[in-house]
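Order of writing sets the chain letters: A, B, C and D. Residues in each chain are counted from 1.
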(Lines give C-alpha, C1' and ligand atoms only; values in the text may rest on other atoms or scores of the structure.)
Protein backbone atom coordinates (compact mmCIF):
# COMPACT_ATOMS: atom_id res chain seq x y z
CA UNK A 1 0.00 0.00 0.00
CA UNK A 2 1.00 3.61 -0.42
CA UNK A 3 1.27 5.85 2.65
CA UNK A 4 1.56 9.60 2.74
CA UNK A 5 3.51 10.97 5.68
CA UNK A 6 3.04 14.66 6.48
CA UNK A 7 6.12 16.51 7.66
CA UNK A 8 6.42 19.12 10.44
CA UNK A 9 9.04 21.26 12.11
CA UNK A 10 12.65 20.32 11.38
CA UNK A 11 11.47 17.39 9.25
CA UNK A 12 9.91 19.76 6.72
CA UNK A 13 13.43 20.02 5.32
CA UNK A 14 13.13 16.38 4.20
CA UNK A 15 10.81 17.26 1.31
CA UNK A 16 9.64 20.59 -0.03
CA UNK A 17 6.17 19.12 -0.73
CA UNK A 18 5.51 18.88 2.99
CA UNK A 19 5.00 15.13 2.79
CA UNK A 20 6.70 11.91 1.73
CA UNK A 21 5.00 9.05 -0.07
CA UNK A 22 6.24 5.50 0.48
CA UNK A 23 5.25 2.05 -0.76
CA UNK A 24 4.98 -0.22 2.26
CA UNK A 25 3.75 -3.80 2.92
CA UNK A 26 0.14 -4.32 4.03
CA UNK A 27 -0.14 -4.73 7.85
CA UNK A 28 3.12 -2.89 8.32
CA UNK A 29 3.72 -1.73 11.90
CA UNK A 30 4.83 1.74 12.90
CA UNK A 31 8.23 0.30 13.90
CA UNK A 32 8.64 -1.12 10.39
CA UNK A 33 7.47 2.11 8.80
CA UNK A 34 10.08 3.99 10.82
CA UNK A 35 12.82 1.74 9.34
CA UNK A 36 11.49 2.24 5.82
CA UNK A 37 11.32 6.00 6.26
CA UNK A 38 14.87 6.08 7.61
CA UNK A 39 16.11 4.15 4.56
CA UNK A 40 14.21 6.50 2.27
CA UNK A 41 15.65 9.59 3.91
CA UNK A 42 19.19 8.21 3.89
CA UNK A 43 18.92 8.22 0.07
CA UNK A 44 16.67 11.20 -0.64
CA UNK A 45 17.40 13.56 2.25
CA UNK A 46 20.80 12.65 3.69
CA UNK A 47 20.95 15.96 5.61
CA UNK A 48 18.18 14.68 7.94
CA UNK A 49 19.68 12.89 10.95
CA UNK A 50 18.58 9.31 11.63
CA UNK A 51 18.46 10.27 15.32
CA UNK A 52 15.75 12.83 14.59
CA UNK A 53 13.57 10.17 12.94
CA UNK A 54 14.22 7.91 15.93
CA UNK A 55 13.02 10.59 18.33
CA UNK A 56 9.93 11.38 16.24
CA UNK A 57 6.44 10.00 16.77
CA UNK A 58 3.96 8.92 14.12
CA UNK A 59 0.35 9.98 14.35
CA UNK A 60 -3.02 9.95 12.66
CA UNK A 61 -5.21 13.06 12.86
CA UNK A 62 -6.60 11.60 16.06
CA UNK A 63 -3.75 10.14 18.07
CA UNK A 64 -0.12 9.21 18.45
CA UNK A 65 0.63 5.77 16.98
CA UNK A 66 3.27 3.90 18.97
CA UNK A 67 5.68 1.34 17.53
CA UNK A 68 3.46 -1.73 17.93
CA UNK A 69 0.51 -0.16 16.09
CA UNK A 70 -0.34 -0.91 12.47
CA UNK A 71 -0.91 1.72 9.79
CA UNK A 72 -4.26 3.51 9.52
CA UNK A 73 -6.36 2.13 6.67
CA UNK A 74 -6.45 5.42 4.78
CA UNK A 75 -2.65 5.52 4.63
CA UNK A 76 -2.58 9.10 5.97
CA UNK A 77 0.05 9.72 8.62
CA UNK A 78 2.09 12.47 10.16
CA UNK A 79 5.58 12.30 11.58
CA UNK A 80 6.07 14.52 14.60
CA UNK A 81 9.58 15.52 15.61
CA UNK A 82 10.16 16.47 19.27
CA UNK A 83 7.69 19.24 20.11
CA UNK A 84 8.45 22.76 21.32
CA UNK A 85 5.19 24.66 21.64
CA UNK A 86 4.37 27.61 23.85
CA UNK B 1 -1.15 62.44 75.31
CA UNK B 2 -4.16 62.03 73.03
CA UNK B 3 -4.14 59.32 70.38
CA UNK B 4 -6.52 58.92 67.49
CA UNK B 5 -7.12 55.32 66.42
CA UNK B 6 -8.61 54.81 62.96
CA UNK B 7 -11.09 51.93 62.62
CA UNK B 8 -11.46 49.42 59.76
CA UNK B 9 -13.55 46.43 58.82
CA UNK B 10 -15.64 44.93 61.59
CA UNK B 11 -14.21 47.48 64.06
CA UNK B 12 -15.88 50.35 62.20
CA UNK B 13 -18.98 49.38 64.21
CA UNK B 14 -17.17 50.61 67.33
CA UNK B 15 -17.65 54.27 66.42
CA UNK B 16 -19.55 55.92 63.58
CA UNK B 17 -16.81 58.57 63.25
CA UNK B 18 -14.42 55.96 61.91
CA UNK B 19 -11.96 56.60 64.75
CA UNK B 20 -11.65 56.58 68.53
CA UNK B 21 -9.74 59.14 70.56
CA UNK B 22 -8.16 58.13 73.87
CA UNK B 23 -6.10 59.85 76.53
CA UNK B 24 -3.09 57.67 77.25
CA UNK B 25 0.13 58.02 79.33
CA UNK B 26 3.31 59.30 77.61
CA UNK B 27 5.62 56.40 76.51
CA UNK B 28 2.69 54.01 76.49
CA UNK B 29 3.38 50.71 74.69
CA UNK B 30 1.10 49.11 72.14
CA UNK B 31 0.30 46.35 74.67
CA UNK B 32 -0.83 48.99 77.15
CA UNK B 33 -2.81 50.83 74.48
CA UNK B 34 -4.59 47.60 73.62
CA UNK B 35 -5.72 47.27 77.28
CA UNK B 36 -6.92 50.85 77.35
CA UNK B 37 -8.84 50.45 74.12
CA UNK B 38 -10.45 47.26 75.37
CA UNK B 39 -11.59 49.06 78.53
CA UNK B 40 -12.93 51.93 76.44
CA UNK B 41 -14.88 49.64 74.14
CA UNK B 42 -16.31 47.63 77.04
CA UNK B 43 -18.02 50.85 78.13
CA UNK B 44 -18.71 52.64 74.84
CA UNK B 45 -19.18 49.79 72.36
CA UNK B 46 -20.09 46.67 74.34
CA UNK B 47 -21.19 44.87 71.10
CA UNK B 48 -17.51 44.69 70.02
CA UNK B 49 -15.91 41.45 71.24
CA UNK B 50 -12.74 41.69 73.33
CA UNK B 51 -11.42 38.75 71.29
CA UNK B 52 -11.57 40.84 68.13
CA UNK B 53 -9.43 43.56 69.72
CA UNK B 54 -7.01 40.87 70.91
CA UNK B 55 -6.65 39.52 67.36
CA UNK B 56 -6.20 43.01 65.86
CA UNK B 57 -2.91 44.70 65.06
CA UNK B 58 -2.00 48.35 65.57
CA UNK B 59 -0.23 50.23 62.82
CA UNK B 60 1.09 53.60 61.74
CA UNK B 61 0.71 54.61 58.08
CA UNK B 62 4.06 52.89 57.48
CA UNK B 63 4.11 49.65 59.44
CA UNK B 64 2.55 47.24 61.89
CA UNK B 65 3.41 48.15 65.50
CA UNK B 66 3.82 45.08 67.66
CA UNK B 67 3.10 44.92 71.40
CA UNK B 68 6.53 46.03 72.61
CA UNK B 69 6.57 49.20 70.48
CA UNK B 70 5.74 52.65 71.84
CA UNK B 71 3.22 55.01 70.30
CA UNK B 72 4.14 57.14 67.29
CA UNK B 73 4.87 60.73 68.27
CA UNK B 74 2.06 62.16 66.18
CA UNK B 75 -0.49 60.03 68.05
CA UNK B 76 -1.99 58.76 64.77
CA UNK B 77 -2.72 55.04 64.75
CA UNK B 78 -4.90 52.48 63.05
CA UNK B 79 -6.30 49.29 64.48
CA UNK B 80 -6.44 46.46 61.94
CA UNK B 81 -8.77 43.52 62.56
CA UNK B 82 -7.86 40.21 60.90
CA UNK B 83 -7.55 40.89 57.16
CA UNK B 84 -9.52 39.31 54.32
CA UNK B 85 -8.43 40.91 51.05
CA UNK B 86 -8.56 39.47 47.56
CA UNK C 1 10.41 51.27 41.85
CA UNK C 2 9.43 51.42 38.20
CA UNK C 3 9.17 47.63 37.75
CA UNK C 4 6.53 47.33 40.44
CA UNK C 5 3.12 48.99 40.04
CA UNK C 6 0.74 49.10 42.97
CA UNK C 7 -2.71 50.65 43.21
CA UNK C 8 -5.86 50.86 45.26
CA UNK C 9 -8.72 51.50 42.83
CA UNK C 10 -11.87 53.23 44.01
CA UNK C 11 -14.64 51.31 42.28
CA UNK C 12 -16.80 54.44 42.12
CA UNK C 13 -14.25 55.97 39.76
CA UNK C 14 -13.10 53.08 37.60
CA UNK C 15 -12.89 49.30 37.31
CA UNK C 16 -9.72 47.25 37.63
CA UNK C 17 -8.21 46.71 34.19
CA UNK C 18 -6.57 43.41 33.21
CA UNK C 19 -5.31 44.88 29.93
CA UNK C 20 -3.46 47.66 31.76
CA UNK C 21 -1.93 45.00 34.00
CA UNK C 22 -0.73 42.95 31.02
CA UNK C 23 0.66 46.06 29.32
CA UNK C 24 2.58 47.00 32.44
CA UNK C 25 4.28 43.61 32.90
CA UNK C 26 5.09 43.08 29.20
CA UNK C 27 8.72 43.52 28.21
CA UNK C 28 10.94 42.32 25.35
CA UNK C 29 12.97 40.37 27.92
CA UNK C 30 9.96 38.40 29.12
CA UNK C 31 8.55 35.21 27.64
CA UNK C 32 6.14 34.41 30.48
CA UNK C 33 3.27 36.36 32.02
CA UNK C 34 1.02 35.01 34.74
CA UNK C 35 -2.01 36.98 35.87
CA UNK C 36 -4.37 36.20 38.71
CA UNK C 37 -7.79 37.88 38.83
CA UNK C 38 -10.05 37.62 41.86
CA UNK C 39 -13.73 38.29 41.26
CA UNK C 40 -16.85 38.47 43.39
CA UNK C 41 -18.51 35.06 43.14
CA UNK C 42 -22.12 34.27 43.86
CA UNK C 43 -21.63 31.71 46.62
CA UNK C 44 -19.51 31.70 49.74
CA UNK C 45 -19.72 29.06 52.46
CA UNK C 46 -23.12 28.07 51.13
CA UNK C 47 -24.68 31.56 51.12
CA UNK C 48 -25.83 33.46 48.02
CA UNK C 49 -23.73 36.60 47.67
CA UNK C 50 -24.97 39.73 45.90
CA UNK C 51 -21.87 41.86 46.42
CA UNK C 52 -18.79 42.61 48.50
CA UNK C 53 -17.64 45.86 50.09
CA UNK C 54 -13.88 46.28 50.49
CA UNK C 55 -12.43 48.51 53.18
CA UNK C 56 -8.69 49.32 52.94
CA UNK C 57 -6.14 51.18 55.03
CA UNK C 58 -4.66 52.70 51.90
CA UNK C 59 -1.21 54.02 52.85
CA UNK C 60 -0.23 50.78 54.55
CA UNK C 61 -1.88 48.65 51.85
CA UNK C 62 0.25 50.33 49.18
CA UNK C 63 3.41 49.92 51.28
CA UNK C 64 2.52 46.27 51.83
CA UNK C 65 2.06 45.72 48.07
CA UNK C 66 5.48 47.29 47.43
CA UNK C 67 7.09 45.11 50.08
CA UNK C 68 5.44 42.03 48.58
CA UNK C 69 6.85 42.98 45.19
CA UNK C 70 10.35 43.31 46.58
CA UNK C 71 10.01 39.97 48.32
CA UNK C 72 8.85 38.30 45.10
CA UNK C 73 11.80 39.82 43.26
CA UNK C 74 14.27 38.41 45.83
CA UNK C 75 12.49 35.07 45.82
CA UNK C 76 12.64 34.42 42.07
CA UNK C 77 16.02 36.06 41.45
CA UNK C 78 15.22 37.05 37.85
CA UNK C 79 14.19 40.25 36.06
CA UNK C 80 10.53 40.82 36.80
CA UNK C 81 7.70 43.32 36.43
CA UNK C 82 4.84 43.04 38.88
CA UNK C 83 1.42 44.70 39.03
CA UNK C 84 -0.82 44.61 42.09
CA UNK C 85 -4.16 46.42 42.16
CA UNK C 86 -6.98 45.99 44.67
CA UNK C 87 -10.48 47.41 44.52
CA UNK C 88 -12.01 49.59 47.23
CA UNK C 89 -15.73 50.15 47.73
CA UNK C 90 -18.88 48.25 46.84
CA UNK C 91 -18.47 45.53 44.20
CA UNK C 92 -21.22 43.61 42.45
CA UNK C 93 -21.22 39.97 41.44
CA UNK C 94 -18.57 39.32 38.77
CA UNK C 95 -16.62 42.52 39.34
CA UNK C 96 -12.86 42.34 39.81
CA UNK C 97 -11.58 42.66 43.38
CA UNK C 98 -7.87 42.12 42.78
CA UNK C 99 -5.37 41.73 39.94
CA UNK C 100 -1.84 40.42 40.34
CA UNK C 101 0.20 40.15 37.13
CA UNK C 102 3.85 39.18 36.71
CA UNK C 103 6.17 39.19 33.70
CA UNK C 104 9.47 37.26 33.81
CA UNK C 105 11.83 35.61 31.33
CA UNK C 106 10.42 32.11 31.93
CA UNK C 107 7.06 30.74 32.99
CA UNK C 108 8.08 29.06 36.22
CA UNK C 109 9.26 32.39 37.63
CA UNK C 110 6.02 34.08 36.59
CA UNK C 111 3.82 31.44 38.22
CA UNK C 112 5.85 31.41 41.43
CA UNK C 113 5.97 35.19 41.80
CA UNK C 114 2.25 35.57 41.01
CA UNK C 115 1.26 32.93 43.54
CA UNK C 116 3.55 34.33 46.20
CA UNK C 117 2.15 37.82 45.65
CA UNK C 118 -1.56 36.94 45.74
CA UNK C 119 -1.09 34.82 48.88
CA UNK C 120 0.73 37.70 50.56
CA UNK C 121 -1.95 40.22 49.48
CA UNK C 122 -4.63 38.00 51.01
CA UNK C 123 -2.78 37.28 54.26
CA UNK C 124 -0.84 40.46 54.94
CA UNK C 125 -2.43 43.53 53.35
CA UNK C 126 -4.76 45.68 55.48
CA UNK C 127 -7.93 44.92 53.52
CA UNK C 128 -11.33 43.86 54.84
CA UNK C 129 -14.19 42.22 53.02
CA UNK C 130 -17.85 42.56 53.93
CA UNK C 131 -20.13 40.15 52.12
CA UNK C 132 -23.71 41.06 51.30
CA UNK C 133 -26.19 38.22 50.99
CA UNK C 134 -29.37 37.80 49.01
CA UNK C 135 -31.41 37.76 52.25
CA UNK C 136 -30.25 41.33 53.04
CA UNK C 137 -27.79 40.24 55.71
CA UNK C 138 -24.12 41.31 55.65
CA UNK C 139 -21.03 39.98 57.40
CA UNK C 140 -17.36 40.88 57.66
CA UNK C 141 -15.28 37.86 56.65
CA UNK C 142 -13.29 35.90 59.15
CA UNK C 143 -9.76 36.96 58.47
CA UNK C 144 -6.10 36.51 59.09
CA UNK C 145 -4.60 38.23 62.12
CA UNK C 146 -1.76 40.69 61.47
CA UNK C 147 -0.96 40.65 65.17
CA UNK C 148 2.32 38.80 65.65
CA UNK C 149 1.50 37.63 69.14
CA UNK C 150 -1.83 36.27 68.01
CA UNK C 151 -0.35 34.50 64.99
CA UNK C 152 2.06 32.69 67.25
CA UNK C 153 -0.73 31.61 69.57
CA UNK C 154 -2.64 30.29 66.53
CA UNK C 155 0.36 28.39 65.25
CA UNK C 156 0.79 26.69 68.62
CA UNK C 157 -2.85 25.52 68.74
CA UNK C 158 -4.08 22.45 66.83
CA UNK C 159 -6.51 23.11 63.98
CA UNK C 160 -8.15 19.81 63.21
CA UNK C 161 -8.35 18.94 59.54
CA UNK C 162 -7.97 22.37 57.98
CA UNK C 163 -5.00 22.71 55.70
CA UNK C 164 -4.73 26.45 56.19
CA UNK C 165 -2.27 26.96 59.05
CA UNK C 166 -4.24 29.64 60.81
CA UNK C 167 -7.59 27.95 60.90
CA UNK C 168 -9.87 29.84 58.52
CA UNK C 169 -10.73 29.64 54.86
CA UNK C 170 -9.71 32.33 52.41
CA UNK D 1 -17.48 20.50 25.64
CA UNK D 2 -18.77 24.01 26.20
CA UNK D 3 -16.60 24.66 29.28
CA UNK D 4 -13.39 24.08 27.34
CA UNK D 5 -12.42 26.36 24.45
CA UNK D 6 -9.51 25.40 22.21
CA UNK D 7 -8.11 27.18 19.19
CA UNK D 8 -5.22 27.41 16.78
CA UNK D 9 -4.99 31.02 15.64
CA UNK D 10 -3.44 31.90 12.30
CA UNK D 11 -1.41 34.99 13.04
CA UNK D 12 -1.96 36.30 9.49
CA UNK D 13 -5.66 36.60 10.29
CA UNK D 14 -5.75 37.76 13.90
CA UNK D 15 -3.80 38.02 17.14
CA UNK D 16 -4.43 35.98 20.26
CA UNK D 17 -6.78 37.87 22.55
CA UNK D 18 -6.35 37.82 26.35
CA UNK D 19 -9.65 39.66 26.86
CA UNK D 20 -11.55 36.97 24.95
CA UNK D 21 -9.84 34.37 27.12
CA UNK D 22 -10.87 36.14 30.34
CA UNK D 23 -14.44 36.55 29.08
CA UNK D 24 -14.66 32.86 28.26
CA UNK D 25 -13.50 31.63 31.68
CA UNK D 26 -15.55 34.14 33.72
CA UNK D 27 -18.61 32.77 35.50
CA UNK D 28 -20.72 33.81 38.50
CA UNK D 29 -19.58 30.61 40.23
CA UNK D 30 -15.90 31.49 39.94
CA UNK D 31 -13.86 33.66 42.28
CA UNK D 32 -10.45 32.84 40.81
CA UNK D 33 -9.00 33.23 37.31
CA UNK D 34 -5.43 32.43 36.40
CA UNK D 35 -4.11 33.23 32.94
CA UNK D 36 -0.73 32.38 31.47
CA UNK D 37 0.49 34.24 28.38
CA UNK D 38 3.58 33.14 26.47
CA UNK D 39 5.23 35.80 24.32
CA UNK D 40 8.16 35.93 21.92
CA UNK D 41 11.11 37.24 23.92
CA UNK D 42 14.22 38.84 22.54
CA UNK D 43 16.80 36.42 23.94
CA UNK D 44 17.01 32.66 23.97
CA UNK D 45 20.04 30.73 25.14
CA UNK D 46 22.15 33.83 24.68
CA UNK D 47 21.06 34.64 21.09
CA UNK D 48 19.14 37.73 20.00
CA UNK D 49 15.76 36.64 18.63
CA UNK D 50 13.81 38.68 16.06
CA UNK D 51 10.84 36.34 15.70
CA UNK D 52 9.48 32.83 15.96
CA UNK D 53 7.62 30.72 13.40
CA UNK D 54 5.19 28.16 14.79
CA UNK D 55 4.28 25.05 12.85
CA UNK D 56 1.32 22.98 14.11
CA UNK D 57 -0.37 19.72 13.21
CA UNK D 58 -3.75 21.27 13.72
CA UNK D 59 -6.25 18.42 14.06
CA UNK D 60 -4.11 16.60 16.60
CA UNK D 61 -3.14 19.83 18.38
CA UNK D 62 -6.82 20.64 18.96
CA UNK D 63 -7.54 17.11 20.16
CA UNK D 64 -4.55 17.34 22.49
CA UNK D 65 -5.80 20.66 23.93
CA UNK D 66 -9.22 19.07 24.56
CA UNK D 67 -7.63 16.08 26.27
CA UNK D 68 -5.51 18.39 28.42
CA UNK D 69 -8.66 20.24 29.45
CA UNK D 70 -10.39 17.02 30.47
CA UNK D 71 -7.32 15.95 32.43
CA UNK D 72 -7.21 19.31 34.25
CA UNK D 73 -10.90 18.97 35.10
CA UNK D 74 -10.35 15.52 36.61
CA UNK D 75 -7.24 16.69 38.43
CA UNK D 76 -8.82 19.65 40.23
CA UNK D 77 -12.25 18.09 40.79
CA UNK D 78 -14.12 21.41 40.77
CA UNK D 79 -16.23 23.35 38.28
CA UNK D 80 -13.88 24.90 35.75
CA UNK D 81 -13.75 26.77 32.47
CA UNK D 82 -10.55 26.52 30.48
CA UNK D 83 -9.30 28.36 27.39
CA UNK D 84 -6.29 27.22 25.36
CA UNK D 85 -5.22 29.06 22.21
CA UNK D 86 -1.92 28.75 20.35
CA UNK D 87 -0.61 30.89 17.51
CA UNK D 88 0.41 29.53 14.13
CA UNK D 89 2.69 31.30 11.67
CA UNK D 90 5.37 33.97 11.92
CA UNK D 91 5.41 35.95 15.17
CA UNK D 92 7.41 39.06 15.93
CA UNK D 93 9.08 40.02 19.17
CA UNK D 94 6.45 40.63 21.89
CA UNK D 95 3.60 38.89 20.08
CA UNK D 96 1.55 36.29 21.95
CA UNK D 97 2.32 32.64 21.17
CA UNK D 98 0.00 30.95 23.65
CA UNK D 99 -2.77 31.76 26.12
CA UNK D 100 -4.04 29.41 28.80
CA UNK D 101 -6.77 30.77 31.07
CA UNK D 102 -8.71 28.99 33.80
CA UNK D 103 -11.68 30.04 35.92
CA UNK D 104 -12.59 28.08 39.07
CA UNK D 105 -14.35 28.72 42.39
CA UNK D 106 -11.07 29.22 44.32
CA UNK D 107 -7.61 30.42 43.40
CA UNK D 108 -5.64 27.27 44.21
CA UNK D 109 -7.67 25.31 41.65
CA UNK D 110 -7.14 28.00 39.02
CA UNK D 111 -3.37 28.10 39.53
CA UNK D 112 -3.04 24.32 39.51
CA UNK D 113 -5.16 23.80 36.40
CA UNK D 114 -3.44 26.61 34.51
CA UNK D 115 0.02 25.29 35.30
CA UNK D 116 -0.94 21.73 34.45
CA UNK D 117 -2.39 22.86 31.13
CA UNK D 118 0.53 25.01 29.97
CA UNK D 119 3.05 22.31 30.90
CA UNK D 120 1.03 19.77 28.92
CA UNK D 121 0.71 22.11 25.92
CA UNK D 122 4.47 22.56 25.89
CA UNK D 123 5.34 18.89 26.32
CA UNK D 124 2.57 17.06 24.49
CA UNK D 125 0.97 19.16 21.76
CA UNK D 126 2.25 18.75 18.16
CA UNK D 127 3.73 22.24 17.85
CA UNK D 128 7.18 23.25 16.60
CA UNK D 129 9.06 26.47 17.11
CA UNK D 130 11.62 27.89 14.69
CA UNK D 131 13.59 30.80 16.11
CA UNK D 132 14.92 33.56 13.87
CA UNK D 133 18.02 35.39 15.03
CA UNK D 134 19.32 38.88 14.43
CA UNK D 135 22.23 37.48 12.39
CA UNK D 136 19.77 36.02 9.83
CA UNK D 137 20.18 32.45 11.05
CA UNK D 138 17.20 30.29 12.05
CA UNK D 139 16.88 27.10 14.08
CA UNK D 140 14.16 24.67 15.09
CA UNK D 141 14.13 24.39 18.88
CA UNK D 142 15.29 21.27 20.61
CA UNK D 143 12.07 19.67 21.73
CA UNK D 144 10.33 17.03 23.72
CA UNK D 145 9.89 13.62 22.08
CA UNK D 146 6.31 12.36 21.72
CA UNK D 147 7.68 8.92 20.95
CA UNK D 148 6.95 6.66 23.93
CA UNK D 149 9.92 4.39 23.34
CA UNK D 150 12.25 7.33 23.14
CA UNK D 151 10.85 8.95 26.29
CA UNK D 152 11.54 5.78 28.21
CA UNK D 153 15.10 5.62 26.95
CA UNK D 154 15.58 9.24 28.04
CA UNK D 155 14.17 8.57 31.47
CA UNK D 156 16.57 5.68 31.96
CA UNK D 157 19.62 7.79 31.06
CA UNK D 158 21.27 10.16 33.54
CA UNK D 159 21.00 13.87 32.72
CA UNK D 160 23.61 15.61 34.83
CA UNK D 161 22.42 18.73 36.61
CA UNK D 162 19.38 19.64 34.52
CA UNK D 163 16.14 19.74 36.45
CA UNK D 164 13.97 19.00 33.42
CA UNK D 165 13.51 15.24 33.31
CA UNK D 166 14.08 14.87 29.59
CA UNK D 167 17.25 16.82 29.26
CA UNK D 168 16.39 19.99 27.37
CA UNK D 169 15.26 23.46 28.29
CA UNK D 170 11.80 24.74 27.42
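Keep this in mind: contacts are C-beta pairs under 8 Å (C-beta built on N, C-alpha and C of every residue); 3 or more make two chains touch, one makes a residue touch a chain.
Since the structure is predicted, the reported quantities are computational estimates derived from the model, not experimental observations.
Counted as hops between touching chains, the shortest connection from chain A to chain C is 2. Here the CA centre of chain B is 50 Å from the CA centre of chain D.
Between the CA-based centres of chain C and chain D the separation comes to 26 Å, rounded to the whole angstrom. Inter-chain centre distance (chain A to chain B, centres taken as mean C-alpha positions): 73 Å. In chain B, the residues that reach two or more other chains under the touch definition are 86. In chain C, the residues touching two or more other chains are 38, 107, 118. Chain pairs recorded as touching, per the definition above, are A-D, B-C, C-D.
Against chain B, the residues of chain C that register as touching in their complex are 38, 54-57, 59-60, 63, 86, 97-98, 118, 121-130, 140-150, 170.
Chain B meets chain C in the complex at residues 6, 8-10, 12, 54-57, 59-64, 66-67, 78, 80-86. Residues 18-19, 22, 26, 28-43, 93-94, 105, 107, 110-111, 114-115, 118 of chain C are the ones touching chain D in the complex.
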